[in-house]
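In order of appearance the chains are A, B and C, and numbering begins at 1 in each one.
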């Protein structure tokens, strides 16, 4: 290519910077979107085979309904609460503003999809979709409105710090899930009459671990990607925006993830002498959640500490939820996303590589205020929605449908028509009817 | 690093631009390649467990054989048809030209692999590979030659518009699949003597949904990535190439995908009162296919409309294909890729954010001409190849092999030797022979 | 944005270059990390259902323990051996140095995780973790210390060439795996008293092929990503660093992958008349391994040749290992990673597009020296560690635990409690006890 002699004008430089920044945000947005595959597999693996299709459908519709609602309403509510007026996403000055919207949307949908793991096995599909609609339209946008958009939470020179959504996304989702699971009540057979708990193991650890590793892959987009601007202009000169510390984010995310798996494995081993696979997987995720609020500020030893504690608390908190609170949080979303998110958010000032603005005490108080505010709003809003649904008899499927499995009752499908206990298959008799359903089956009528 | 004082020469700027453009194309190419994992899982999940390994092998060999053929022959045919002379890919002026070749190749292989879903469960492996060879060498290159390479299709100032392959890749693949499935005839037991259809459900909805979400992830590369140049030089100044509208592509792709899932879910629910998981998944994909020809021009409401219609037509077209045409399109590749691709391509002028070049009427006529031309060529070429294979008795496995499953007959393997109806396992007796096959098994002899 | 008039100073240019280089390294690092999901699925699919959770846990802990150790010790050992003094990763001058560390770490963890496939089904978890610790701390760092870090291996003007770790990562991992499998001895029932072998098929080809395609996706990061610097400054002017040949790397990686699948398929077909799915998948991977040392220098025909031979040798070498050496390399890690890595490394001078430095003969000798040095160190160190573990009775689980499966004995879980031979489930009787385990189950006690 032959170029005319060029002066590198400010416009040229701005074009370069805009292009590279867009490229980066798009790539990490794709990675974060892919976390939906991770959630789908993680949750599917942790439910009974008779409820797998229900879990998969909820994940598909969480994204589909949620992102549509967030486009039309949710993003506008966030800007409204944050003090920027109601500016819904479908009104864009410049088409490339939609890149920023999509970047925000994949975070919102992460919060939404976490809830589905807690209410597995008994929530009505229409109830879940109703809640997802409201979460994407209002509940989550209020949380981002008072934090990322409005920066309202501060104390004595310290501002609530949540880099990538350890509390805003994961903490919020985990707390919402626990609240919804509490309102819904446990699955049938989960608790005995004397109050003791029964284990209902998921149908496939392989899918659960696959989901875990897809999530960890996407999490690099989530945390490192939140360093959203490769370049910024500061005082008229080009600077490395969030990329000035991106190496710290990459390192702390990695170390906390590793420490989370090790922490959970160690506690499981100490308790039972065996290393429960699901605890290791969920511990890895808890380590990721733990660091997500603070990957940009935490020291390397702090990353080990935060991740290790986030992993170690998982079996203990899961046990507490199950045995004491007697809440049936099917996919352990509170220990993984809720308590781990709170833990990391609160540890912010104590593990930072440099002293936080406002000093350690003020910073801690600001973190506490943020956690309490987000938790309170999430609990109230979630309990209200599910409470109303329950009051009108729309929250939960019938006992017959729950026994039969939600795949058949809500979706008219069998996830594994050739495998499993296969009651319906066996009842049908010989080979041909085992392999072929006569017309009139659920799929195409 | 200490730098010598530099003038930002045109060469420096061009180096910057070349590097960033290459980086972007490589990243999205990798994402598009990953769609093969999505197709493999989606298709594997939709076939019987006795035919899974066959489906997986076809996917692996589609890529392997196809990309080799496209390297040696196909890319050259495309350039020849497009008027640029036969310039096969192995002759590259500059090694970095191969990046462009690979970017084209992952689109070509997407078209190729779609076909495997339609002919599942009865096509001979050698027949399928033969067709893949010819698709990669000639059939698909002719399609790109008359469109992207040659831009031959236009009408009254309007040129056929297909941004990322909604018709060229997906429409073509879906039509080819339907044609091949028609020539092959249905699987045994798919239709009764009175012409009514039997449902043969796939073996794993979990794999099918995993495949769906992997495909959606890769699709961001497919659509957004087609905005291939981050930067271009226009009139000697640096411009944001395709990135000037990349935000629109990202938004419309997202919205259409969401609307596709919702549209299919709504129709399924209206028809049966239940939300069929596979329809939701395939509807999401149909929404993506629908927007793929036009993500760069469509308005936000148009994205809802195109995606919603693409999803809604899925159950209806599937039903029509199955019940009226009585074609056994196993993985619904025509409703997902074919009719959805045609739909979106034809809707181009009606949903565009700005009036299309040549006006709405001329633009619509150009789209119709393009769709008809691609469809006609694809049908003729595909029917010829499969017709000849059928005439010489090489298209389809024997009824015995079909009954037994293609995994055993074509590949000598069992996909799940420990699960399923497990006839062979049960027949072997006790624990040891259940777990261990004596030497002489298919794998290493 | 209004910009102050800017001069593009050297600092501005360096900022641009640093940002884009970091962006690229981060993206490919994430892709390489994702290969852990690929290894987990590939290996899980190739083991019995009773050992799946064990395989998954080993993969999770390989990453978690390994990356922690590599952070604290391993990277420092590599720099020490390479002549740069002991500079452990937790000491970073600039946080962005951690990006480089993470980029090295994902290569290290790839080598580590390969071993788990060879020792499947009988190694004690604690033995495997001990070996992983030592591999990440010392064994692998010594290999990179004498090669990438120290460049000690050369002969007559030729330096040992291993672009992305065909020998350093994959060859090393495959040889380590074979050594460990030899020391451990075969699984029970793998060989009969007369020395003939029994096939123990894996439990899911679907997971195995999914893993294959995830690995291939990540491999683009592995090979193309090793072109780590988009831009470099040479003689004070900006150049396209490794991106000057990145197109060659992308092309050769693609072609060798394709040729590997075809080569293995052809040999399988020639031997048995059937196209074994697992051979095709592993052949594709062997093609990738084969090219990994030399994607930057190999001609297009050389890529076909290297990939095709790497694929073709797979069934033959697997057969030799199984039948002659009688080593139970469960997931065929030596034919896939070991012999294919050695093959490609040694073919370097014969398939290069341009004559190698030092001439073909010297270059070949340098390659031989490198292969022998790495293999010898790996065999000695691995045999020593596993030999000591075996001598103290800590290498292998008891025969009872092996019979029962490692999932129950080491992890206290069932991977598929509703599927498979399902002895425990059947024994429990009716529906409720089939679906619900009473409290006191392994998971939460």
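Here, a contact is a pair of C-beta atoms (placed from the backbone, for glycine too) under 8 Å apart; a residue touches a chain by one contact, two chains touch by 3 or more.
All values reported here derive from a predicted model rather than from experimental measurement.
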Mind checking chain A against chain C and telling me if their interface is mostly the same residue numbers on each side, over half, or mostly different? different
Specify the angle of rotation obtained when superposing chain A on chain B by their C-alpha atoms, rounded to a multiple of 5 degrees. 120
In angstrom, rounded to a whole number, how far apart do the mean CA points of chain A and chain C lie? 30
Which positions in chain C touch two or more other chains at once? 8, 11, 16, 20, 23, 27, 204, 210, 416, 419
Would you tell me which residues of chain A are touching chain C in their complex? 8, 10-11, 13-14, 16, 20, 23-24, 27, 31, 48-49, 189-190, 192, 196-201, 203-206, 209-210, 212-214, 216-217, 220-221, 224, 230-231, 233, 236-241, 243-248, 250-251, 254-255, 257-262, 265, 271-272, 274-278, 280-281, 284, 300-301, 304, 315, 318-319, 322-323, 416, 419-421
Partner chain B, residues of chain A touching it in the complex: 1, 3-6, 8, 11-12, 15-16, 18-20, 22-23, 26-27, 29-30, 33-34, 36-37, 40-41, 44, 52-54, 56-57, 59-61, 63-65, 67-68, 71, 90, 92, 94-99, 101-102, 105, 125, 204, 207, 210, 407, 410-419, 431-432, 434-439, 441-445
